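Across the two complexes that follow, chain A remains constant while its partner is chain B and subsequently chain C.
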Partner chain A sequence: MTMPDFTLIAPQLIVLAAALLVPGLYFLTRNDKLVGMFSIVSVLAAGLYLGWMMMEGVTGSFLDVYAVDEFSLLLTGMFLMVALLVLLASLKSVERDRHHGEYYALLLAATAGMMFVACAEDLIGIFVGVELTSISSYALVAFRKNDPRAAEAAVKYLVIGGLSTALTLYGFSLLYGVTQTTNLEAIALAIGAAPTGGLLISVAMIIAGLGFKITTVPFHMWAPDVYEGATAPVTTFLAVGSKKMGFVAFFKIFLVGFIAAQATLVSDVQYAFAVLAAITMTVGNVVALSQTNMKRLLAYSSIAQGGYLMMVLAIMTPYALTGGLFHMITHVFMKGGAFIIVAALCYLSMGEKLSDYKGLAKRAPVLAFAMLIFLFALAGVPPLAGFVSKFVLFSSAVGFPGELVETQWIWLVFVAVINSAISLYYYARVVKFMYVDEGESIEPIKVPMPFMAAILICLVAVIAIGVFPEPVITLCENAATALMG
Partner chain B sequence: MTDMILSLVLFTPLVGAVLALAMAGDLAKYARYVALAFTALPLAVTLYLVTAFDASSGYQFVDQYAWIETSFLSIQYIVGLDGLSLIMVLLTNVLMFLVVLFSWEEKERPNFFFALLLGMQVGLLGVFMAMDYFLFFIFWEVALVPMYFLINIWGGPKRHYAAIKFFIYTHVSSLVMMIGIFALVIESAAVAGTGQLSFAFADVSAAAALFTQGFQVLVFGMLFFGFAVKMPIVPFHTWLPDAHVEAPTAGSVLLAGVMLKMGTYGIIRICLEVLPEGAVAWQVPMIVIALVAIVYGALACIAQRDLKKLVAFSSISHMGMVLLGIATLSDIGIAAGAFQMFAHGLITAVLFMVCGIAGHNVGTRQIPLLGGLAEKMPNYAAFMMIGFMASLGLPSLVGFVAEFNILVAFYNWGLSEGVVWTIIIALASLLLTAGYYLWAMQRSIFGPLTDKIDTSKVHDVSVYEGVSLAALCGLIALFGIFPALAWDFIFPYASDLAAVLEVFL
Partner chain C sequence: MIPIEMFLGLSAVLFAVGAYGVLTKKNGLVVLMCIEMMLNAANINFIAFAAFFNDVAGQVFVIMAISVAAAEVAVGIAILLNLYKTSGTTDLEEINILRW
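Now for the complex of A and B:
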């Protein structure tokens, strides 16, 4: 037996090793800045190594559990970017708290879990990664254990997370039962002959179980409460990180394994996803209209964005997956940036109500401008990143390049488009508060450096990807073709 | 360098917008000089382009770069001008320059105000220059955002409601149009046998001959809806009066003067050019929609008490005229429709400026409260009269040329279809138009000076307002007396287009 090639999962191992070292380092130094910086450096190191792997075009398989290809590399990179943004936002946000060692360790462990899911090619690999992230996030949400809101959010998250885990695991075991394997490629080969009944129950369990992670309606109830209760950087992590992990798991299971099942069954599941997508985006957007708390508003907007991404699972073409991956990446910067601004304002004790944002443009012009860009990008206003990614994603519902217009999903894209217009209302409302209304105070706000760095990264990315999307679209296309063949 | 001349026109205002925006604090009051300079330059270059343009050939001054080139997508930055876009670009740049002049004394956040005007100019010019659907759509949406802020910050008492209503109505319609564009692009890639979606106008047009009739009819509907809400057509027009009543004068001028034209421009440029069979199938519905807009707009005008709302509804009526011309699918009709776009742009700018002046120099725009203003404001009364007369189609002014030719084309269509009586509807609306304008004038500027409001502080137009109004009135007369100045650019384009359409009629 030869040694497996550990260099293939080196980025994951770097982050995991850092997660293990951080508590020790904190115990020895008691310096929160140092552990924070150490975590950032480790994420950057993993990112550098990953960048090298992408340049070299490394591919391979680690023990048939973790595959390295364009898809996994791109998404690993995306999760590292999420970790970097969240760490930058955390430096200041948690400085007045205790237990910094644990905080950064949990954050890094959760990141490692997402990175493992990105390259998993086996149900067990997916499950282990999802659980690593989930269990770390339960603790992260409860980080401020003396804050009743945080404690309530954590309990809610834990109970619902436990249920979701149980459902997922049951679904996985049934899938193993009907296909006799846990490897996704092997499942694709065996699934055509699998008994339909067992398969259907398994699929339903997986959709419900992982559906909690991606906040599909009706499994979304926990999200606004948890997002509101958690500290803002953790909320950022949940909304733009762990949710994406759920999507990656979905893409792997359904676009690699399940897609080879009997055509009628696949088509039924496609319709199920289409209906769920339509309901999810509509509920998310409509409920967001009446929110008065910024975190909750962004939480519902996240639910809606999840609905758009679910269109990929209904359409099931490489072009749709391209659009989906692209939208996931732009969403990291748009929603990440917006949540980090919320985090910065929470840190500055500005409050998180919509009315607290009145007159922000006069008090913090850069911050308000960044928020304006993020919100308009989320609404899909050109020439920003969110517009281009929605453009690609929505167009994939009309047809696949090279084939005639397919009318099957036109209704879905109409629903998506109307939702997009609804969302404009609540995003524009925030913009109105910031730019049109006068605030009670006109005292300028000084935003600490680490927040500013994270916000500027997002701002530059949102504008640059919007104006020059070609490199990112190419990466997404390659990733989509690598996954779906 | 000569290739980049159009991009220069397109992006000069963007540079100006960034500069103006940067002039915060004490510098803000100088933003107007930046705005004037950065609208004067594109105008000057446009005037040069008009002289250099060769009306007998198609797209000119084309500037082209590959922008997004992946295995699924091919999107180019490509801009160019043909006869139709040339006059729209000319109109945009003329109005922009004069609007900056008109707003010279804007006191509230002037740097932001002028930056938004310049930003909107980029969007508007881009729509008329783009030769790629992706580019077209981007500029289409970009033009909306500054208008949202203009209404929301500088508008009247109900501005928040009007701004968001405007934003959402037009956004929904453009998204429906976007789906239509997806369909066009995907279908054309499929019939051309490539797996790469090309968004260039030329590639889609090249494949368009192979589109099935059913596809054309369906996609024409989606695109038409997207464009028509912008025009606007009844019953999707309700955003327009709200937006106009609340918008600041500069916003109203650009909204009615140029932005509405984006809708009819899109109908000609995309619906008619690419989907001729769809156009033929939709001809009668289009004519009905146009007649409804014409008559409804005119009737609504009679009932208005707010001068600005009256002008807003008259825009609906006049844009219906544009559609009526286009819907005849004949060379004269299309050319006259495009000419009406140009004419209405100039005239409506005068009208909204006049309304704006009533608002801030007199203090109210309510017609029943006005009266006898000619006594206190002789220049103002003169401009108002020229504007109203031009709008109701007085011969020798620009509106007459447009409407006369539209009616000729419509009459010809009626003759060939055996429904010549429909001309009566169009003619009756002209009567209504003359009626509501004359009545409004009678009540506001003529007769004894009103005693319902305090007229002691009422003063005539300022120098800047006067200069911009006079320039516009001059242009109205110039193009009225020498319509060939614009007609000769449009007609060759229209007759080429009509020749294509005729095959399917």
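Now for the complex of A and C:
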């Protein structure tokens, strides 16, 4: 037996090793700045190595459990970006708390879990990666343990997360039972001959179980509570990181494993996802209209964005996957940026209530401008990144020009576009608060450096991707082809 | 040899009992125990299939699932203990600071 090629999963191993070293480093030095910087450096090192792998076009398979291709490289990079933004926002946010070693270790471990899911090609790999991220996030949500809201949010997240794990695992066990394998490629080969009854139950269990992770509508109730109760950087991490991981797991299972199933079953699954997508985006946007807490508003908007992304699972073409991946990447910067602004304001003991944003433009012009850009990007206003990615995603329902036009999903695009219009209302309300309304105070706000750095990264990315989308679209296109062949 | 339907039936019953408990019980610790029961139902499935197919992947999955469940309980009990410290209860129906 030859040694497996560990260099293939080196970025994950770097992050995992850093996660193990951080508590020891903190124990020896008791310096929170140092462990924070060490975490950032390790993420950057993993990112550099990943960049080299992308340049060289490295592909391969690690023990048939983790595959390295354009798809996994792109998503690993996206998760590293999420980790970088969250770490930058954490540097200041948690400086007044204790237990920094544990905090950074859990954050890095959760990131490693997401990166493992990005390249998993086996149900075992998906399951272990998802759980590594989930269990670390339960502890992260409970991080401010003396805060009753955090304690409550953590318990809710734990119970819902545990239930979702159990459903997913049961679904996986039935899928193993009907296909006799846990490898996704082998499942795709065996699924055509699998008995429909067992397969149907397993599909329902997997959709329900992983549906909790991506906050599909009947399974979304935990998200606003947990997002509100958790520390703001952790909320950022959950909204832009661990939710994307759920989508990646869905893409792997349903776009790789199920694509060869019986045609009737596939179209049933597609319809189920289409209906769930339509309900999810509508409920998310409509409930967001009446929110008065900024974190909750962004949580519901995040549920709605999840609904848009679910369109990929209904349409199931490489074009749709390109749009989905593109929207996931732009969403990291738009939603991540918005949540980091909330985190920065929370650090200054404000920013949770919507009314805190009144008159923000006078107190912190840069911050208000960045928020305006992120919110308009989320709503899909051109020429920002959100517009381009929504355009690619929604247009995939109609197909390429010249191709046979699929009229099946036009209603879904119709729902999605109406929802985008609804969402503009509540985003514009925040903008009105910032720019038109008078605040109670006109005292200028000074935002610490690390927050500014993270916000500027997002701002530049949102505008740059909006103006020059082609390179990113090409990356997503290659990734989609690599996954779906 | 015992037919595989027996094992699947046992695991389905175990899963249903666990799911019923998660949905109806108020005490956080009991809910956690019910979740464990649902996880073990899946484990029985895996072991039964693995023995039936003579395939080792199912057994590997079970070992992974057991270690994940252990980690989940370790974190879970700490979180419930913390809830008890901050609010003096482990009753899931009494915690309602966060709601829309």
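In this text, the second predicted complex is superposed on the first by the 481 of 485 C-alpha atoms of A that agree within 3 Å, B and C clash if a C-alpha of one lies under 4 Å from a C-alpha of the other, contacts with A are read in each partner's own complex, and residues count from 1 in each chain.
Note that in this section contacts are C-beta pairs under 8 Å (C-beta built on N, C-alpha and C of every residue); 3 or more make two chains touch, one makes a residue touch a chain.
Just so you know, these numbers come straight off a predicted model, no measurement behind them.
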item	value
Touching partner for A:Leu28 - first (chain B), second (chain C), both, neither	neither
Which superposed partner A:Phe172 touches (first chain B, second chain C, both, neither)	second
Which of chain B and chain C A:Pro224 touches, first, second, both or neither	second
Partner chain(s) touched by A:Val275 [first = chain B, second = chain C, both, neither]	neither
First (chain B), second (chain C), both or neither touched by A:Ala142	second
Which of chain B and chain C A:Gly162 touches, first, second, both or neither	second
Where chain A meets both chain C and chain B, residue numbers	none
Interface residues, chain A side, partner chain B - complex	319, 322, 365, 376, 381-383, 387, 391-392, 394-395, 398-405, 410, 413-414, 417-418, 420-421, 424-425, 428-429, 432, 435-436, 469-470, 473-474, 477
Chain A - residues contacting chain C, complex	123-124, 127-128, 131, 135, 138-139, 142, 145-149, 151-156, 158-159, 162-163, 165-167, 169-170, 172-174, 176-177, 180-183, 224-225, 228-229, 287, 291, 296
Residues of chain B touching chain A in the complex	24, 67-73, 134, 137-138, 141-142, 144-145, 148-149, 152-153, 160, 163-164, 167-168, 171-172, 175-176, 178-179, 182-183, 185-187, 189-191, 193-197, 215
Residues of chain C defined as touching chain A within the complex	8, 11, 15, 18-19, 22, 28, 31-32, 35, 38-39, 41-43, 45-46, 49, 53, 55, 57-58, 60-61, 64-65, 68, 71-72, 75-76, 78-80, 82-83, 85-87, 92, 95, 97-100
